[in-house]
C-alpha cells in the first residue's frame, strides 16, 4: 500500500512539474489572445528560437549563463516583434482564420529552418545542475528546472498582473484590448502597444524554451507539444485571463498525470486533446471566463 | 487549359529526368533507403548506416570492386516514415534501376516497402529492422540484424537464471522496441515469472517519469527498458532520478553513444544484450571495422553501423559469385553461411534472417564490457 | 532520358496525384464554399484507409465495397466535426479539427488489438477488379483516375445547382439565406460530409495501393500538405485550382528528388515550401480581398 501512496505522490509531483511548463507557455498565449483575440500558433517558433539562441550563446560563444538567458529570451522577443509585423499585422482586418493559418505556417517554417541550420539531432545543453533531480523527503524526485519553471510562471504572472493594473503600458494594453477603435481615438498608439504585447509574450516563450531545453534536449520540434498544451491551458483558464491561465496550466498537468495513475499510460497525451474538445464545445470561455474589468 | 498544363508538366519531368546522371556500365549501383532525417534524432541511424556503407564500399573498391566493377550507392531519405520510404524505394527501383536496396531502418518502414521489393523482384536487405514480422515478408527480403525474438528471449533467459520472479518493462510504442518486450514477457511468463508492469511511452517522447513511477510502485525484481537512443537515454536517467534501485536491463540500442551521453552515470551497470561486441573485447573482423571506422570518421561506430557494413560486404560477395541482377544476388545471399562479419557470424536462413546470438554486456565507467553473470547456486 | 519515361515511375506519381486529388477537392470545397477550415482532413483519409484495410483483411471485402464503406466511415466520423461546427466560430473550429486529428491518430496507435498499433497493418491484398489484380502502378492508375473524375463530377454538379449557390451563400450571407427558407447549417454539414466521404475513398485507395498502413502516415504534416494544396484553389474554381495546387506540389517534390538534393535536406525543404505556400497564399488573398 505504501508503494501506491508513494506512486500517487510522485505522480502529483510529476503533474506539478508538467503543469509548471504549461503555465509558463500559456501565459504568453493568453496575453496575446487577450489583446488581439486570435490564437498565435507561432508561439512554438518563439519557444524554439529561445532554446536555440541559448544553445548557441552558451555552447558556441561561451557566454555566461545568466547573460545568455536574457539575451536569448530577448531574441525570442525580437522575433515576436518581427512576427507581428510580417505575419499578423497585414492580416489584421480579416477573419480570425487567416492569422491562425499564418501562424501555423510560420511555426512549420521556423522549425524546418532550424533543422536545416542546426541539424535534426537533439542537442544537450552543457551538463549543469539545472537538469539534476532533487530528492524530496528522501523518496520523491523532481528536477531542479521544474522548480525554476514554477517560479518563473508565478513571477511572470505576478509581474504581468502588476504591469497591467498599475502601469501606463498596462492601461494602454487594457484599453487596446477592450476596444481598439476607441483606444485609437483616445490617442493611444495601438500598433505600438500590440507590438509590445507580442514582444512580452514571445520573451516569455523564449524563457520557456530555455527551461524546457534544460529539462530535456534542444530539437527543432521543441516548441510543438508545449505550445499545443500551453494553448489548451490558456483556453481552459480563459483566454486573456493571466491568473486563471497559470492555475489552469497546473490543473492540466495534474489532471493528465493523475488520470494515468489508473488508465494505461499511453493515453496521457490524448487527455489534453480530449480536455480541449470538451472545453471548446461546452465551456469555450474557460474555467474563469475573462471579465475585462478584472484583467 | 488543363490539357496544356498536363502536357507541360510531362515535358518538364522528362527534361528533368534527362539531367539525371546515369550509372555507367562499369558501375554497380546499390540503393539505400534510410532515415537521414526524421523526428527526434532519427537522422543518427541513417548517418551511422551511411558512414559504414561508405567505408565498406571504399574498401571494396580499393580492391577492384566486385565482379570487376566499382560500387556506388544512391541514398534516399525516408525520414523514418513508411509512406516516404515507399516513395523512396519506388524511385530507387524505377529511376535508379537498382537491383538491391539496403534499408530500411524502422520495422514499420521495412514492412511497408517489402511488398514493393517482392513485387519488383528487387533484393531488400535491412541492417536495422528487428520486428519478427519481417521474417515472413518475402523471398527477396533479408536482414543483417537478428530479429527481436532473439534478444527478448536471451534477456528472459538471463532474468530467469538470475532468479528474478517478477519483472517490469518500459518501452516505446514502436515495432522495434515493442517486439523484444513482448517476446520477453512471453518467455518470462511461460517459465513461471510474472510481469508486474508493461508501461508504454509514445515514440519520440523524453518523459517517462509517470511510467517509471508506476513501475517502481509495482516493485519488480528487474526492469527491462527499451527505446531508441533519445528515449532510452531519458529512461535510464529518469530511472535513476526516481530512485529505482533494481537491476536495469536493456537491449542493443545501449551501444549507441548518444544513450550514454544523455544518461550519464545512469548507464553504468545496465545489463543489456547485443549481437555485437565492442571496445576492449572486440576481436578480428569487428576490431578491424572499429579501427577503420575510427580512423575515417574520428568517432566510434554507433548502432546499426556493424550491420550496415556487413550488408554491403555480403552483397558484394553475392555479386562476385553470381552477378549483379537481383536473382543472382538473392541466390548468392542465401548461400552465405558463417560469414565472418563485423556484427558477428552471418548465415542467412530460409527466411533471409540471420541470428547473431546476443551476448550479455554491461557498462563500467563508461565503457562497454562483457558481462559475466554470476548465478546464485541453487 | 529513359528515366522518367519509365512508365512505372510516372504512373506511381500519377496514382498519388489522383488519390490526393480526392482529398483536396473535398477539402477545398469545404473550405471555400462552406467556410469550414479543416486542419484534420488527414484523419478522414486515415479512417478511410484503416476501414478499408480491416474490411479486406478480416472479411475479404472487395475493393469497391470496401471503398464505399471506407467513405461512409469517414463520413460518420465527420459528424463529430459537424457537431462542433454548429457551436464554434471558424478559428475555434479549426482547432477542434486539429484536436480531432490528433485524437484519431492516437486512437489508431493505441487501439492495437484492432489496428495493430505501432506495427501498422501489413499485407493488405491488392485491389481485385473484374478478375485482375491491380498490383502495378499502371494497373491501379485507371481506378484512381476514375474515382477522381467521380469526385469532380459530384462537386461540380453540386456547386452548379441552386443548392450549390445556397452553399456559397451559407458562408457569405447566412442570414439572407435563412430568409429564403434554407438552413445554412444543414448545408454546411452536407458539404463537410461529402468532403469527408471523398477523403475516405482516397484513403481506401491508398490502402489497396500501398498495401500497408501506419498511424504516422495520417498525422499533422499530411493534413497540412493537403491544406496547402487546397488553399491554392479558390471559391470560384474549387476543382481547377486544386489541379494547379497538386501540380505544383508534385512537380516540386519530384524536382527535389530527381535533382539529387542532399537527402537530409529534402524533407525540410518540402515542409518549408509547403509552409511558405500557405503563408503567401494567405497574405496574397488578404491584399486582394474585397472589403
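The letters A, B and C name the chains in turn, as written, and every chain counts its residues from 1.
Here, a contact is a pair of C-beta atoms (placed from the backbone, for glycine too) under 8 Å apart; a residue touches a chain by one contact, two chains touch by 3 or more.
This is a predicted model, so every value here is computed, not measured.
The chain with its Cα centre farthest from the Cα centre of subunit A is B.
Contact tally for B-C versus A-B: the pair with more C-beta pairs in contact is B-C. Remark: subunit B and subunit C have CA centroids separated by 34 Å (rounded to whole angstrom).
One finds 37 Å separating the Cα centroids of subunit A and subunit B. In subunit B, the residues that reach two or more other chains under the touch definition are 37-38, 43, 173, 202.
Counting partner chains per residue, subunit C has residues 109-110, 264, 268 touching two or more of them.
Contact with two or more other chains is made by residues 115, 120, 264, 266, 269 of subunit A. Across the complex, subunit A meets subunit B through its residues 3-4, 6-7, 10-11, 14, 17-18, 115, 119-122, 124, 127, 133, 135, 139, 141, 143, 216-217, 219, 221, 257, 260-261, 264-266, 268-269.
Subunit C meets subunit A in the complex at residues 37, 39, 83-84, 87-92, 94-96, 99-100, 102-103, 106-107, 109-110, 224, 231, 264-265, 268-269, 271-272, 274-276, 278-279, 282-283, 285-287, 289, 291. Considering their complex, residues 1-6, 8-10, 12, 109-110, 117-120, 122-123, 135-136, 210-212, 214, 216-217, 240, 243-244, 247, 251, 254-255, 257-260, 263-264, 266-268 of subunit C touch subunit B.
For subunit B in complex with subunit C, the touching residues are 1-2, 5, 9, 12-14, 16-22, 36-38, 43, 46, 75-77, 79, 81-84, 86-87, 90-91, 93-95, 107-108, 111-112, 114-115, 119, 131, 133, 137, 173-175, 178, 202-203. Taken in their complex, subunit A has these residues touching subunit C: 38-39, 87, 90-91, 93-98, 100-102, 104-106, 108-109, 111-113, 115-116, 120, 231, 264, 266-267, 269-270, 273-274, 276-277, 280-281, 284.
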